[in-house]
Amino acid sequence: MSWLPSLITPPTPPEEGYALAIKLSRMAVKMTQPDDDVRGELRADYANDADSLTAVSQVVATNFQTVAQANNYWRD
Amino acid sequence: MSWLPSLITPPTPPEEGYALAIKLSRMAVKMTQPDDDVRGELRADYANDADSLTAVSQVVATNFQTVAQANNYWRD
Amino acid sequence: MSWLPSLITPPTPPEEGYALAIKLSRMAVKMTQPDDDVRGELRADYANDADSLTAVSQVVATNFQTVAQANNYWRD
Amino acid sequence: MSWLPSLITPPTPPEEGYALAIKLSRMAVKMTQPDDDVRGELRADYANDADSLTAVSQVVATNFQTVAQANNYWRD
Amino acid sequence: MSWLPSLITPPTPPEEGYALAIKLSRMAVKMTQPDDDVRGELRADYANDADSLTAVSQVVATNFQTVAQANNYWRD
Amino acid sequence: MSWLPSLITPPTPPEEGYALAIKLSRMAVKMTQPDDDVRGELRADYANDADSLTAVSQVVATNFQTVAQANNYWRD
């Protein structure tokens, strides 16, 4: 089973597209650091640091652009 | 009720689209750090730091691109 | 009166579109830190730091992309 | 044999496009630091640092935009 | 005289469009720090720091996207 | 002779487009710090630092978007 079978999410609401953007953002981290325990320990570092959270939000924003374009902004 | 029922904001003015871009920027932070108290404490960190504020503005700019495209730049 | 009645600026020159990009960049900061005095104090921090100024320029560049697209690059 | 014969990946799933985005992200690093041993040593630095992993994810997100556009978002 | 009369540069070569991207990148800095002397002093900071130069290059890359799109990538 | 006579690279493979993206990324650095010796000394700083290499890869990714768009993603 592919972890990314499609970029197309259900037509409404775009909330699911945003969730996919978060998934895409996390996957690059997971592929770079596959150890679940290490990632778990790192979580405390970025989840409690304002600038780290902003950086995470920047990645999500970039991926959300891609997903939103793929879905034609859920206009229809 | 979805927190993001649509990317389409009312036709005028684009000010509401900008507000949506801010909402999108904050949501990734909220989903990464769901604890309201922790986020509240972190607020003092970034709201009083010039570079942190610039980074926040960068995320908003990226999300505003998406919302503006979704709304065809409110041209009509 | 809306602070952002339109993304469309006069047809020539694109200089006004650039000014709008700066306005958009500052508005996210203002909405995150509404206190004028605090922002005034922070100004010395980023206006005298090379990397901070580059980061500001990055935000403006991103917003200028949006405004330029909205105005069809002032081609006509 | 070219390391990048095409940006077009098989039509389904977009997972292969994401893998290409990771390859593109790593290639710039490899071309800037061609020494395999040095890159191997640096890996511990970024694979165990939350902010470094977020920065890697940002690069992947940017390259994934390009690959997704090249493949018309695997819509068909 | 406008400092930015047009985003359209001569058809060939795109080198002039790149020069415009650099001008756009510097203008945001100039508008944020109008004092020529201060900017001159800051120059030593970023012109001799690898990461600062990379950040400058990132801003130029973003503005070059805009100028290249405005000129239809100088395809014709 | 222009250093950038065209954004259009040969139709296959896109590897040459990627090389152009690297050239574009380096040119902004060169124009900001024209001294070859200084740039040579700085090279050790970023070629041996994981985060610096990631930042370089981010600039290349942004420029590669531009070159890939200019070449219609080498689809034909």
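Per-chain residue numbering starts at 1, and chain names A, B, C, D, E and F are given in the order in which the chains are listed.
What we mean here is this: a residue touches a chain if its C-beta (ideal position, glycine included) is under 8 Å from a C-beta of that chain, and two chains touch if they have at least 3 such contacts.
Model, not experiment: these values are computed from the prediction.
The set of chains in contact with chain A as well as chain C comprises B.
For the self-contact between chain A and chain B, the two sides draw on mostly distinct residue numbers; the shared fraction is below half. Put simply, chain D has to spin 60° for its C-alpha atoms to lie on chain F, with the angle rounded to a multiple of 5.
Averaging Cα coordinates per chain places chain D and chain E 27 Å apart.
Chain centres here are Cα averages; for chain A and chain D they lie 16 Å apart.
Residue numbers of chain F whose C-beta contacts span two or more other chains: 46, 49, 51, 55-56, 58, 62, 65, 69. Taken as a graph of touching chains, this assembly is arranged as a ring, one closed cycle with exactly two partners per chain. Annotation: chains form a contact ring; the order from chain A, going to chain B first, is A, B, C, E, F, D.
Only residues 12-15, 18, 22, 46-51, 53-58, 60-62, 64-65, 68-69, 73-75 of chain D touch chain A when the two sit together in their complex. On chain A, the positions that touch chain D within their shared complex are 2-8, 24-29, 31-33, 38, 42-43, 45-46, 49, 51-52, 55-56, 58-59, 62-63, 65-66, 69-70.
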